[in-house]
Amino acid sequence: MKNMRKICVIVNSRANYGRIKTVLKALKSNPSVSLQIVVGASALLERFGNVRKIINKDGFKITSTLYSVVEGENPTTMAKSTGLAIIELSTIFENLKPDIVLTVADRYETMATAIAASYMNISLAHTQGGEVTGSIDESVRHSITKLAHIHFPATLNAANNLKRLGEDPESIFMTGCPAMDIVANQDLKLEDDFFKKYKGVGPELDPHKPYLVVLQQPVTTEYGKGFNQIEQTIKAIQSIKMQTVWLWPNVDAGSDEITKGIRKFREKEKPSNIHFYKNFSPEDYIKLIGNCVCQVGNSSSALREGSFLGVPVVNIGSRQSNRECGENVIHVENNNEQIQNAINIQIKHGKYKSSKIFGDGNSGQRIADILSKVNLKIQKKLFFNN
Amino acid sequence: MKNMRKICVIVNSRANYGRIKTVLKALKSNPSVSLQIVVGASALLERFGNVRKIINKDGFKITSTLYSVVEGENPTTMAKSTGLAIIELSTIFENLKPDIVLTVADRYETMATAIAASYMNISLAHTQGGEVTGSIDESVRHSITKLAHIHFPATLNAANNLKRLGEDPESIFMTGCPAMDIVANQDLKLEDDFFKKYKGVGPELDPHKPYLVVLQQPVTTEYGKGFNQIEQTIKAIQSIKMQTVWLWPNVDAGSDEITKGIRKFREKEKPSNIHFYKNFSPEDYIKLIGNCVCQVGNSSSALREGSFLGVPVVNIGSRQSNRECGENVIHVENNNEQIQNAINIQIKHGKYKSSKIFGDGNSGQRIADILSKVNLKIQKKLFFNN
Amino acid sequence: MKNMRKICVIVNSRANYGRIKTVLKALKSNPSVSLQIVVGASALLERFGNVRKIINKDGFKITSTLYSVVEGENPTTMAKSTGLAIIELSTIFENLKPDIVLTVADRYETMATAIAASYMNISLAHTQGGEVTGSIDESVRHSITKLAHIHFPATLNAANNLKRLGEDPESIFMTGCPAMDIVANQDLKLEDDFFKKYKGVGPELDPHKPYLVVLQQPVTTEYGKGFNQIEQTIKAIQSIKMQTVWLWPNVDAGSDEITKGIRKFREKEKPSNIHFYKNFSPEDYIKLIGNCVCQVGNSSSALREGSFLGVPVVNIGSRQSNRECGENVIHVENNNEQIQNAINIQIKHGKYKSSKIFGDGNSGQRIADILSKVNLKIQKKLFFNN
Amino acid sequence: MKNMRKICVIVNSRANYGRIKTVLKALKSNPSVSLQIVVGASALLERFGNVRKIINKDGFKITSTLYSVVEGENPTTMAKSTGLAIIELSTIFENLKPDIVLTVADRYETMATAIAASYMNISLAHTQGGEVTGSIDESVRHSITKLAHIHFPATLNAANNLKRLGEDPESIFMTGCPAMDIVANQDLKLEDDFFKKYKGVGPELDPHKPYLVVLQQPVTTEYGKGFNQIEQTIKAIQSIKMQTVWLWPNVDAGSDEITKGIRKFREKEKPSNIHFYKNFSPEDYIKLIGNCVCQVGNSSSALREGSFLGVPVVNIGSRQSNRECGENVIHVENNNEQIQNAINIQIKHGKYKSSKIFGDGNSGQRIADILSKVNLKIQKKLFFNN
């Protein structure tokens, strides 16, 4: 027990969990590892689907929880939530004393984890570094990279970017993204009661008829424009007249504006073809997008999981600008007509060929193996490969 | 008034202030700028010399203050202090609504400022980016760079590193370090009562006789080794038998260990040649090191201001490892004999030629001019110069 | 300017504002007072009707704002929000340096204000002390009393309770509740478009036909029972078949449960007689309840403002247990049938005679006058009147 | 295991620990209790003697630790530390899920504990309620009483005050103060090396010759006057010319002023008769004061433990004003001559008769027994005994 390596994984949102679940599974069954799972931020909140319950249902034991979201969903509270999460996580790390902390992607809770671990001289492992997108996530992702000691990029491009950012090549492990593990092993067949399992609000949907999926997050660096942006998408979806699964956005500066736009539309138009959901389990989410006619919005899942699955995607606006993806994606602006046209093109095109750029389905095991054995060091330095 | 650009400068420690003072002066006299000065962290604390009073005495008006140091001086409280500072700064920024926030160097309060400003979509300007050192400062400095929108590196090497880190070349302004402005314009003559103005504890020192200056900070990534490290320095200084000015370390994980080592030594040995001080004004600090026979420790001022002044320097341990400097520096390990030998070599050598690598004395004005006019944008992206 | 007494009023929710507005007005026009208005907690949040906007519209200048609600609406985040508010308020008080801080009633932000002011040696003035109710508010109210230096109880009973609690009789001013000022001076006539001004969701309501008002808050000390409790109320209201104004609860541990119950009911039953609102201006709220056939729930406004207005009230459960009130209130348990019966009795009874136990309509001016002149002292001691 | 009552005791300072240690011992050996010990605030800090180590040495297992002291030692940081402690404690309680939280006396960490437990619907047990003193502690103590569910007053007077404050007589248990348990069972004989075990600074003291003990804390409600107050005490002690044990004050608003006064005096006068100590173990502290010729200052231990031991005491200033005590105390103002005269009177008088007003030596066991069995309820109400 004393010689086991203590690895602490932080889960902060539903998206986080889907992208780290197979790592958790592999760590749990590794006899040389003592797994600590810390759940915080929106993963604890009812209105984001209470991911805590899903984690428990999947057989994982949660070591510690922390409430860290300061309400307001604006730039100020985003900063404040980061600060609060650092305060909370440092006490948790002080008491759990992990050897490695593993953190996912690029949200503010990820930054909070990175800072707490760094200052506490705990090795920081990071997935999804080196990717290129828009929004504040872009800055934050690279900022976290400069604090992290062990990198698990999802793509070759991303791994290459990490080297160019001066990271030690020996600290970079191109493992692919664990989210693809779930995708690769997922039976995509939709049960008859697929939609009935999830409550949400709206008309009953038929899993055996064509449907669209919409998931549009606010762009934090374009705070204040969210209401107009979501209006364009709403108009486009209305005009398509196909049954639609619409997912509420995650908590972020500007979620409020998106939510307000959707709610206003829903109350006023009572759309007969759209059902609004909070959350799907990671597995069901894959089925959901794997069977849709077209995924619309600006979610990274459309470009990542979507590329693996060959889902036709319409990516809107700047949030994913420059993000790597397969041939399955059409990029458009926040404009009703552009969105409509692109959806219609994708409906005609149908499924694309699967792309493996984001992983081959074995990333979780790979990451867990490396974490259990890798040599740990704290002091970083610039390694430019010139 | 309404069209004035609001520039908010954060001062968090005595070192911070010395490295930004001439910028403050130039901003204050710029009619198109509304200057906001926020003072926090150790700059408010009595035991670090109450920098707030010095700032007031210099004729600046402090806009807001914030207490953010969580006591403990260990890795946990360093993280926690970062979190608390983010919480405080976000409320202050919410109320002051600055157009630009300017932050200095690489301490945890700097990181806190960077995060609060970034998430709040406020342009972040940063001095001293791109430099290479050891300690956690190394990671944090580059992490801040990835959040900053406007860079004021101090050296050509540093500017080059910023480009290699993927920063937009148009956002990098090689202005030199404002600390050199004070150095360049400083009359170095020591008044007869130079040492008497500052209380501290220990025997009276004679400014007209040769003296050493010692300033050794903890190395946060070597937390737990500070007591032994300072012991080596103490032994070396004792053996030299020259009158010595010893400065207490700043607040950091491990300050405690250093302080304890010094205090124990002081109480036990009652050294007749060493006087301990908390703080000098930026100007007097320049005089102090500009006239010393040798500066010993691991302070960056020895390599930066020291290079400009041609001060003979003995740099100990890993804290400044790989930092750029002039020919005036001998690097040694945390080892009594190495330190002694190096001091003796430097005493024999005497003053070095001045080096301008860290600035030519006009950096403050340059930075203020740029800040008042530069085009502001929030969304960052990687710019690799291949 | 220098000799003006600085009085800082903290507004944290829509209810807070209605109960302090006439004090703000009187302080604003007092030439010997410099008024500071600090707005925080749910008063800043969109989903509670953004009280900040109403305050601005009423011509007050907000001095400072603070986000302090940690999301979760459970007992843990209620505690955490109190802690965060103390951290924020202490920085604000440090920068504003008020002579007196005035805080309203008994919520956790009130406690946060009381603690920040007490430890900072600022005179604390408190309204609504000495009243008796249920919930955690009961403990918190008396706890705040023991920290407060100046008391403005609303009723004779409350003033008497303060004396029995050992407060200095000279520090107790029986001024009545400023909320009654708005009631007393309010023209109660409902305009034709009264309901149209406020959006909300649900069918159009006719201000000239009989209507019910429902406002039911969670009982924090009965956390976990809210869903069942609200179900009973919903069933009762459904069976009455009268047009109904339903107000969403405030943020508190358990709001979530209430909200969930209501939302579920609304989505499922699509009730054709109920319109859901977030917020009314203080004036319109008075008109709203002043003209209703019966007010149902557990809001203190039903017992306080309701008594003045003679509104027939059905008070449900333990939240207001033992609170003073007029003859207009029927107390029932969380039970569908009891609630129904009581509503029917009240509908038959019609309006009651006005009671002045909570104030005569001049409390705001009285409180402002006292605040501007009262002798300030910090050290408290027990004064038992035996 | 599942049916064991989880009792969480918060230890925040050296004084706290001495006043709860025998309760911890009795709880630890109670088979129906699962004891949780949480250590925070100054109990973790090196400069207050690192109480954590003493607790471990006494054989207790610490469940969780939290750093919560915001540096500054002024009214602002006292408030801020309260807020930070609430944030930390609520996460700890969320994870430990105690049935009862036990908190000691009246400092800001006690208030933080009271608030976190209250809002989280955890039964709050409190020792030392109902006592009368000066300083902010006076207000805070009674404020905590109004939140507490189970009271363990130390004296009959205090128990009576709790009833008058409206507490339920069934919730008040007059157990005496557990600190007296240590006193009652303490062999008072001083070993030859008694003083040598503790480092501190100053001349060697002889435990077999007469000595004074000085412990003077800042009065938070007289913030800014500490420096002058301590000067008066210093002058008086200097003039007495007897060997003296001087204890540094605890962390509080104004500690800084006291510390500064002492340090200045020590550096300047190099007093040959005074030795300065940080901390004694609870047992050694009893020996220390039990054998002194006179205890001088404003520590409550002089009035409490001192009364039991019959120690001649000179109590200075307003901090303990009106506190119950035995005949052993002379009260004086912050005035050199008054202090001197009183010390001389006490030296002449010698030991007093023991008083049992603060406990008979069995309080710890009594409190533990009650905690393990008492019926728990959360909702409080006023119980006036008229």
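All chains are identified by letter, namely A, B, C and D, in their written order; residue positions are counted from 1 within each chain.
Following the convention adopted for this analysis, contacts are C-beta pairs under 8 Å (C-beta built on N, C-alpha and C of every residue); 3 or more make two chains touch, one makes a residue touch a chain.
Everything numeric in this text was worked out from a predicted model, so none of it was measured.
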item: Chain separated most widely from chain C, comparing mean CA positions; value: B
item: Chain pair with more C-beta contacts, B-D versus C-D; value: C-D
item: Separation of mean Cα positions, chain C and chain B [Å, integer]; value: 50
item: Separation of mean Cα positions, chain D and chain B [Å, integer]; value: 41
item: Sites on chain D at which at least two other chains make contact; value: 67, 76-77, 80, 84, 87-88, 91, 94
item: Interface residues, chain B side, partner chain A - complex; value: 75-80, 82-87, 89-91, 93-94, 108, 111-112, 114-116, 118-121, 132, 134-136, 138-140, 142-147, 161, 164-166, 220-221, 223, 253, 318, 322, 378-382, 384, 386
item: Residues of chain D that touch chain A when the two form their complex; value: 64-67, 84, 87-88, 91-92, 94-95
item: Chain A residues touching chain C - in the complex, by the definition given at the top; value: 44-46, 67-72, 76-77, 80, 84, 201, 251, 256, 260, 267
